[in-house]
Each structure stands twice: as C-alpha cells, then as structure tokens.
Amino acid sequence: MVETAPAQARPAGPGNYFRSVGVIVWKDLAAELRSKELLGAMLVFALLVLLVFNFALELDLPLRQAVAPGVLWVTFAFAGTLGLNRSLALERERGCWEGLLLAPVDRSAIYLGKAFGSFLFMAIMEALVLPIYSALYNINLFQPGLLLVVLLGSIGYVSLGTLLAAMAIQARTRDVLLPILLFPVVLPVLISAVNASAGFLSAAPMDQIWPWLNLLIACDVIFVAVSYLLFEYVVEE
Amino acid sequence: MIRERASATRMALTLVAALLLLAALGLVFGYAPREAVMGEVQRVFYFHVSSAWVGMLSFVVAAVTGGLYLSRRERYWDLVQISSVEIGMVFGLIAILSGSIWARPVWNTWWTWDPRLVTTSVMELVYAAYLLLRQGIEEPERRARFGAVYAIVGVITVPITFLSIRFLRTIHPVVIGSGDASALGGFAMTPKMLETFLFSLLTFTVLYATLLVYRVRLALRGDMLEARRNALFSG
Amino acid sequence: MSIRVVKLSKSFGSRLVLRQLDFEVARGEFVVLIGPNGVGKTTLLRILASLTRPSFGQVWVEGLPLPQEAAQVRRQIGVVSHQPLLYGDLTAEENLRFYAQLYGLDRFGPRIRGLLDQVGLLSRQREPVRSFSRGMQQRLSLARALLHDPLILLLDEPYTGLDPQAGQMLDKLLQGVASQGRTIVMTSHDLQRAAPLADRIDVLSQGRIAASFRRGEFPLDRLPSLYQQAVAAHG
C-alpha cells in the first residue's frame, strides 16, 4: 500500500470538545438540508395541528386571542417530537450511532451536539409557523417578549427531549414512546411558556410576567444540567 | 446473590401491618369525630392523603434506587425500583379515586383542579410512562439503566410541576371545579383528627414497606426462575 | 501483547454468551475469529471496541484496561462493522471530514485524499454515499476506520453482502493494511475468504476459543473438516 499523509492529531483541550459538538451540529444540518425530510414533515404537521385547532375551536376574535398561547405551544410540542425522533433516528441508519460512540469524544459532547441540532430544527419550524399563525389568527406574534419565551421554552423542551429520545429509539415501541415519556415531565416548561406568552400577548405588566420567565429559566438550567449528566448512562452499552 | 430476609422478620412485619391497619380502621370510624360541614364522607381524607403520601414516597424511593443502580450496577436496586413503582402506582390511583369519592358529595364534582391532585395525576402518568418504557426494552441491563434514568428525571420534574400549577392557582381564580384553591384541605383539624391522621400515615407507610418486601422477594424469585430456565435450555 | 483477554464472560440478562474466554493477539498479528452464528464473535469484538462492557474478566487493549480507559482505547482502534457507519446524505469526502474532526485530527485534507485514493474512491468523493454500492460503502468504511491511523483494526464480518469482485478488492486492501504492521482482528463465517490472510485462525464455540490454528499448520482444504471437528468436540 502506498504511504499516505500521516494522521496529525490536534493537542487535547477544551477546543476539541466544542469542535466535536460543532461538527455534530454541522453534520445534522448538512444532512437535513440535503434530504429535507425532517423540516418538511415538521412544518406540515404543525400546520395541520393549527388547522385542526381552528376548526375544532370555532371562536370569535377575542377568545381566539385568549387561546392563542395554548394552541401555539401544543403545536410546538407535537411538531417538536418529530424533530427529536428524527434527529436520533438519523443515526440508527447504517449504524452511525456506533460511529459516534466509537470516536474518542465525550458522551456529553454528543448530547450537546444532538440537543443543539434539534434546537435549531425546532427554531426553524417555529420561524415558519409564527408568521402563518399570525396571519391566520390576526395577531402580531413578532414581539420580542414572545420570541424570547419561544426561545427559552424550546431550550427546555429540547434538552429533556434529547435525553428521552435517546432512550425511546432504543426501545421496540420507539415511535409512540417519546411523547409518552416526554409530555408528563416537560409540563413545567409548557406551563411557564404558555403563561409567559399569554402575558406578553395581552401586554400584561412585567411584574406579572417575570415569575413565569424566572420559572422557565430555572427549568431550562435544571433540565439541561440533568440531561447532560444522565446522557452517558443512556448511550453506554 | 439472593438476599433473603429471614422469614421470621417478614412474618412479624406482616403481622404488624395487619394490626396497624385494623387499628387505623377503628380510629377512622370510631375515634375520629364527625366533621361538622362535610359529614361522614370526610373520613375518606385519612386514607386519601395517606395513599397519596405512599404514592410520593414510592416515587422518591424509585429515584433513589435508580441512583444506587447507576452507581453500583447491582440488580437488586433495579428490582426494588420496579417494585416501588408498581406499589406507588396503585396507591396513587387509590388517592385519585378516593379524592373523587370525597369531592362528589361535598362539591358536586368528580374532579377538582387542586394542584396536589393534578400533580398526583401527573405522577401517575410518569409511572405509566416508566412501565411502558421498560416494556419496550428487551435487554434486562438496559431496561434497568433506562428505568433508573427516567425515575430520576421524574422525581426532579414532578415537584417543579407542582410549584408551577400552584403558582397558577394563586393568580387565577378557579374556573372549573370547587371554589377554593386548596379545596381538598379545606377544613379545620381537631386534635383527635390529627392523631387519627398521623396514625393513618404511619399505617400506610408500614403497609408500603410490607408490600415492598414481598414484591421484591417475588422479583428475586422470578430472576432465579429465569436463570434456571435459561441454564436448562442452553446447557 | 496488543490485545489481552483473560477469563472474559459476558451475559445478556441470564443468557451467557462468552464463558471465561482467554484470547491474545500480538502486535502486528492478523487473527481471524470464526464460529457459528450467535456464538459471540460480534460480542467479543464489541467489547474490544469499548462498545460493550464485560460482565466478568479482564480486557487490555494496548496495555489499557477496559472499560476504565475506554476513551483512550478508542484512539487506538479502528472498526469496520458490517454496517458502514456512514451518513447517506453526505458525500464520501464529507463523511471522512466529519470523522476526521470528530477524532480531533488536524490538516486532514491530504490524508483524506490519500485514503480515498487507496480505496479507489477518489473519483467518487463528491457523490453522496447513498448512491454507493455495498462494496464501495465497505471500502469507504475502511478508509474511515484508518483515518486516525489506529494501531488496531477490528473488522466484524466485513465481507457480508459483497460480490466476489468487491470481496477481492477488500482482500487486497486488507493485505495492504496488514503489511503496515497493524494488529488486525477479523470475524468471519466464510472460511475460504478468511484463511489466506490470517496469521492465526481461532475457532469460537460455546463462548470460548475451541481451537487455534497458526499459519502453516493447516492446509486450506482441510480447514472445513478441522473446523467441524473443533465445534463438535467442544459442543
């Protein structure tokens, strides 16, 4: 065999860790942009949920505005499970999951990479759903306060979701298991997000909204920390 | 690897549990006074809260044994965990149903959106999800590991759920259900009631421990049987 | 010793797959593991690859104990499985770039091109892996496994699904790799394919090494009957 250029390893350090996280995120994005399977599915699903709510709750304008935060977050929660499932199912094809586990990267780096990737997918879906929702329900959803809540809520959702999805896809009942596992435990995030969103949409005074924002931030911190620490137990063999 | 509790201890525990239960029944129906406003149905309270307490205790035990399993990898902790979950789920269900029985005559509704009741229901759902998770995994070691992880996640998120619902109740007036945010606790306790209540808590805790011992024993036996069967077929 | 395994046992639940297995591979040796399906060849390889933990016994890879030093071990091994471990939507070159970065390599451009050239895929580097035939995917998988210049190469039934021509290409590539002085452990159930390349052939049966044949000790045409004898004797 002809000698090829030797392998040069970078010196070890924190740079390597974040580089690993970054490359996993890049890989997920690149693969998804090529196939476009996931984003399409998430978007269509979200729109369908919106339509169903519209026809199921034939409401006049003020009531519609009152239920808007709830409908929005239910939509995000359902469409979000698609993203989480897909992000991890992607690795099961052609055995790529083992490819990740064989690499000398910290398991927590895999967690962060996957979680951040799922977060980006969810954000893209939300960015597409919000204007459509604004138009359909005649509400301006592009207020900075609301966008902040969407951001924080997505972080909390995706952090637990990635951990639980990693378990769900290793089970026989993988398709139905993720929502069953996720929804009971992600409730605090949804409750806080819905109430904070409602606060911003009804232009409530900030001191009424702050407690919900605080709770949401606290949930994010706790959920990310717990998932980060427990992830290695889920992916070891 | 089988740890057998001496059968004498087990029998003693069973006897104690049975006696306590009889005594508690006596106290609840004989000793505790009739509540002024709600009447006899209020007596459900003693077992309702005790059941909820056992439900929550089991939940915490499940999480603690989860942590123990992940750090020590001893199968015993996994068996204790599944036993605790099963028992806790049943007591949680008793708590919810007894809550309904209590609510109906008093507030004319089968369900109140009381934060504690809702949280208990969420806890039941987490229990159910736990069992479904385990059911979907064939390999015992992975099943134990995943169960441990989910139990830990549950014990952290459910109290936060409780806090968020309770906060919701304090700023929103009740829309559906009874008119009191702390509906299911809305009566004053006399000393006799308090004594009965504490005794019921004790009784149910001992009952939980007894059931747990038996259930773990059953699980250990099941393991032994499985091992012998496999040895027979692959030998 | 590049690989040393002492009294390794692995059980899945109550099913014992490997029973007190002893196994050694010297630096630069090419060992082929053969045995009936389900006997534990893949399990042994996965333990060496740090993907699975042993139940009992000790494993050292390049002097590093598993599972404690799993992270360090991963730097020293390259794995070719019967699944290619490649992302279908990415191109060949992108796949290798991904793994190069994951393995913490620097200035990997020339190395990637060199490896693609060696496995005969340089002209297809910008095509998505999805469009590759199985033989091409396996060759790319080999390039991926060699990216970080590992001391040890582990191959799990790499010839599965390859047509004769693709198989021959893999033969040549493996011969080249072997001549580089790497330690190679390969599992196979295709005796004819495995034999010419190996320094040593170990027969796995009933969770243990039943027989071991060194190169030169066996005529190739006698191998199938020797293999059957070993399995029957040990079974």
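What to note about this one:
In this document, chain identifiers A, B and C correspond to the written order of the chains, with residue numbering beginning at 1 in each.
Here is the rule we go by: contacts are C-beta pairs under 8 Å (C-beta built on N, C-alpha and C of every residue); 3 or more make two chains touch, one makes a residue touch a chain.
On a predicted model such as this, the values are computed, not experimentally measured, just so you know.
The innermost chain, defined by the distance from its C-alpha mean to the mean of all protein C-alpha atoms, is A. Of all chains, the one whose Cα centroid sits at the greatest distance from that of chain A is C.
Set side by side, the interfaces B-C and A-B show unequal numbers of C-beta pairs in contact, with more at A-B. Centroid to centroid, with C-alpha atoms defining each point, chain A and chain C lie 37 Å apart.
Each chain gets a centre from the mean of its Cα atoms; for chain B and chain C, those two points are 50 Å apart. If each chain is reduced to the centroid of its CA atoms, chain A and chain B end up 32 Å from each other. For chain A, residues that reach two or more other chains under the stated contact definition are 236.
Within the complex formed with chain C, the chain B residues making contact are 139-141, 223, 226-227, 229-231, 234. By the touch criterion given at the top, residues 1-2, 4-10, 12, 16, 19-20, 23-24, 26-27, 30-32, 34-35, 90, 93-96, 98-106, 236-237 of chain A touch chain C in their complex.
The touching residues of chain B, counted against chain A in their complex, run 70, 122, 125-126, 128-129, 132-133, 135-138, 142, 145-146, 148-150, 152-154, 156-158, 160-161, 163-165, 167-168, 171. Those residues of chain A that touch chain B in the shared complex are 160, 163-164, 167-168, 170-174, 177, 180-181, 183-188, 191-192, 195, 208, 211, 215, 218-219, 222-223, 226-227, 230, 233-234, 236.
Note for the complex: chain C touches chain A at residues 46, 49-53, 71-72, 74-75, 77, 79, 81, 83-90, 94, 98-99, 101-108, 110-111, 114-115, 117-118, 128, 137, 144, 147-149, 173, 176-177, 179-180.
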